[in-house]
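Handing you this structure, nothing more for now.
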Amino acid sequence: MDFSHPLSGITVPMVTPLSNDGRLDPDGLDRLTEHVIQGGARGLFVLGTTGEGPSLSGTLQREVVLRVCQASSGRAQVLVGITHPCAAEALDLAEFSASAGAHAVVYAGPSYYPVAQSELLRHAAHMVEASPLPLFLYNMPSHTGVVFEPETVRQLMEMPGTAGLKDSSGDLMYFQRICRLREKRPDFSVLMGPEELMVPAMSVGATGGVNGGANMFPSLYVSLYEACVTGNTNEARRLQHAVLDISEGIYSAGAYASSYLKGLKYALSLLGICMDGMAEPYSPLEAGHRERVAKALVELQARHALAA
Amino acid sequence: MDFSHPLSGITVPMVTPLSNDGRLDPDGLDRLTEHVIQGGARGLFVLGTTGEGPSLSGTLQREVVLRVCQASSGRAQVLVGITHPCAAEALDLAEFSASAGAHAVVYAGPSYYPVAQSELLRHAAHMVEASPLPLFLYNMPSHTGVVFEPETVRQLMEMPGTAGLKDSSGDLMYFQRICRLREKRPDFSVLMGPEELMVPAMSVGATGGVNGGANMFPSLYVSLYEACVTGNTNEARRLQHAVLDISEGIYSAGAYASSYLKGLKYALSLLGICMDGMAEPYSPLEAGHRERVAKALVELQARHALAA
Amino acid sequence: MDFSHPLSGITVPMVTPLSNDGRLDPDGLDRLTEHVIQGGARGLFVLGTTGEGPSLSGTLQREVVLRVCQASSGRAQVLVGITHPCAAEALDLAEFSASAGAHAVVYAGPSYYPVAQSELLRHAAHMVEASPLPLFLYNMPSHTGVVFEPETVRQLMEMPGTAGLKDSSGDLMYFQRICRLREKRPDFSVLMGPEELMVPAMSVGATGGVNGGANMFPSLYVSLYEACVTGNTNEARRLQHAVLDISEGIYSAGAYASSYLKGLKYALSLLGICMDGMAEPYSPLEAGHRERVAKALVELQARHALAA
Amino acid sequence: MDFSHPLSGITVPMVTPLSNDGRLDPDGLDRLTEHVIQGGARGLFVLGTTGEGPSLSGTLQREVVLRVCQASSGRAQVLVGITHPCAAEALDLAEFSASAGAHAVVYAGPSYYPVAQSELLRHAAHMVEASPLPLFLYNMPSHTGVVFEPETVRQLMEMPGTAGLKDSSGDLMYFQRICRLREKRPDFSVLMGPEELMVPAMSVGATGGVNGGANMFPSLYVSLYEACVTGNTNEARRLQHAVLDISEGIYSAGAYASSYLKGLKYALSLLGICMDGMAEPYSPLEAGHRERVAKALVELQARHALAA
């Protein structure tokens, strides 16, 4: 299958539905895939941070890739997160993804060893070259400790295999500088991670978003994206505020870095989409926080007229 | 084989000798094993940060474990680094290590997802319980982003399977607090990582060190340890200064986080011990820095009468 | 004089023109004041970070306040930075500013001692209460080490004397949350510091900007602001790109935190507006960087048709 | 008066006794001065971080300097903290200190503007040259955001006016490197700030300590220092553990950065030495924590046979 350039609109960083004993919930994964495609998602990003990719065994990872490729059957682009401290293992997953019919891979860089930019450039170029699929850079310093500096990105963009960049740093100064690099590569995708920043991201030239909340309410995020593209400022701000309310209501129970992921998976189980088991090092949302999230979910659906 | 408690003296965080195309240099690994045992090492820590463990494929990791267990044949304790973002994969390596005859495993915690201390405690307890071998905690915040706080360590010490802690944070305030916890578990090992801090570490109660330079000059580090234990202050400080000179001469070419590892491997190749290939994301010491390290090595050997 | 709520449009964080021996350049200050008022500035912020306020003696600070109040004579709001590690000294400057005819003061919080949010709230409330003029909070964590968390701001907004917030953190997530607090206090000003972020800031509801480059080219920043307000997206992005070019050309010589300030003052001297002496701990732009900035200035003026 | 080189033994970073309305408690200050001199203090460091120097008005600062110079009357070296964001104001205080009979000044560097090392070197050299008294560098990155890198210190040591360095970073790697620089300047003082690190500091060559707890129990810290100097390892470790107990019992109520200072001042008031008022941005120890500190104080005095 061909990869469409640039990737625009909403890509869903799909959760990996798991049972409480850590096995894949295959029916949940199929329902989720169908749910987000019906909601207008243009891309399906599996095994990313939201997908707990790094926490899953190689076997489970391959199960997920295969199933989503089959269930989506070409109706959306499939991107596979291959981030792994061992480059050889990462590339092995890229090969598998290519054979399974995925469209691109996503790589966040070395996640154990600190690297200087010159080292990152050399290493990332090696990954792009060795990958059988187009490769998205994934800027995720809170989890990897490394930033793909704009000058490094600029040099990597000279390789056609570098397909785009997803930024989850939350740094708009950085994001804007990356967007400006598109002048020389209009087919290059620049995607905003944190859903709370979609409006400012679109204002500086993002091609789309990779928003976790789209697992629950894909059409909300698609509408937000479209309001930005069509210059409907009031509607965009209204929808952005709905997203901020989701963030505060669903992702903030416990105030840990994991609250986002735990809350999102629990909400998906409440919506009847999939199971909420989690892979080590995390465990499902603590009992003490469940009521709060459940209540917030009901209120949000009412206030913003959200249908899952 | 039994594990001796506490682990005292010098444990060598062994490099993984690699050819330039990323294959194991098996003869180099055997020579290195013999070299450090002859030099007085009490422990052999394979697949740690210095051993590029996280960068190696599962197959290569197992090759290293097996070979060092065989070559050491019970003359030193073998510790295996199992740090991996996927807990199941980490435990799989622990099982293999047990069957190969290793004595303990070493785990630095989740290296991709950020965790709160309560999450770290739950997760690490799970790892200790599930591990077939005694488990060392490895405090390495610069690479993992997480600290095993003293209160977390105190609770994990209530499990007999928690064998000790290696600290590479460089934070003596922290290290001293961990040493104090030994009052209730005298069999618990507390090991200092950075070799530049051996004298202060011993002054607050370390049981030993895990010093990278011991790959090159094991007897120097053993002598330093012994001078501390016997209260020979002047000798200890003299040897510590030799170690500081090694650090400045061998580990500082390029001023990256990787300079330590690149310099160490290059020096080992100059000493005729093993090959200096490196696993992605790193590459061997840059040509422009090789002369400087080579010169420093000769000078250090002369000044401090060091025989490899 | 009354303070207009909320403060909208462009406020200029005025440099303090100094001779090479550290004395005030009074004519330069008058020229600068006239220059930015003619260019459409709505506010004049003296003694801020750009104004080197914390580096100036109490005597020099008062000289600046008095002179700008006189020269502006009510044609723009005068805001005075009072940030000082000693609260009593800060309040003393606030008293002086009130008597000199300034409209508001700006306070970045304690800049030496670290404070918890509960301590910051108590302390800032004390400052608002004791200040004779409306007080702007100044969120500047890179220089003070402290963030005015949204919940702290929300509570301080219950005091009418809290007039607004200037954010120089560059964190749009934070900035957006502060903008949302305006729902309950429409007279509250929320101003973006970094000029590189004006477009995204306006997209989430900023009332204006406090942009250093407006010392040089005030009308450019006023036009950028107005393009945002009127929803002229293409024009806004074009002007934002001009600002990014200024940032890269003028503020980036030397790659230090001080490059912005040194470059800005040197450019102002080239434009014939004022002298470029600097207060300790800084010194004027290094000779080796002067040519680069001079060249960039000429190019920028030509490319973007900028008249000082 | 002459300044003795190097400063060895214990220097007390004196608190500034204040009434609840922020005025100096002059009798408390005299009692404190006498108390610590009787306890064996070699140096009296006023207006440091523990002395809330940066939070006090210029008038109050001068009151403190004068009073301590008079009360000590040459029985101990008086060091005055002059750290101020305005260099001219800092030097003005240095002039006053010289005329009042103090022996040295202490400067932590710019505390508002970030500086590169080249800028810090130039600026600090200016301060040393302009100061009428020998100047101690004060490495305090948690409060100033800047580190005096070893190479910068080495260059500043070429100026005879650079008298020593107090390190409060807690970084023993750094501290050891500074101690090694003494080889070329044996008269240079290297003092450890955090009292919890006295044993490791002495093990790598500190000339003394600047320990806050010595306000309460000066002879304890003097004994600890002497046990280290005489190589009495067991006694040193026993006394270090007493200090750790003080730290955990008195300085840890509330878990803020301010807990140390609030707890220390409250304990001093309980010991009948001085009042416990505090300067903005801090306020006295919260009522809810007072009982805990009071109880800890009694227990500590009993367990370690401490007389104030």
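All chains are identified by letter, namely A, B, C and D, in their written order; residue positions are counted from 1 within each chain.
What we mean here is this: a residue touches a chain if its C-beta (ideal position, glycine included) is under 8 Å from a C-beta of that chain, and two chains touch if they have at least 3 such contacts.
Because the structure is predicted, anything quoted here is derived from the model rather than measured.
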Distance from the mean Cα position of subunit C to that of subunit B, given in whole angstrom: 50
CA centroid of subunit A to CA centroid of subunit C, Å: 37
Junction residues of subunit A, two or more chains touched: none
Category of the chain touch graph - line, ring, star, complete, other: ring
Touch relationships between chains, expressed as pairs: A-B, A-C, B-D, C-D
Subunit A residues touching subunit C - in the complex, by the definition given at the top: 170-173, 176-177, 180, 194, 196-197, 199-205, 231, 233, 237, 240-241, 244
Subunit A residues within the subunit B interface of the complex: 22, 49, 54-58, 83-89, 109-116, 119-120, 122-123, 126, 142-145, 256-258, 279-283
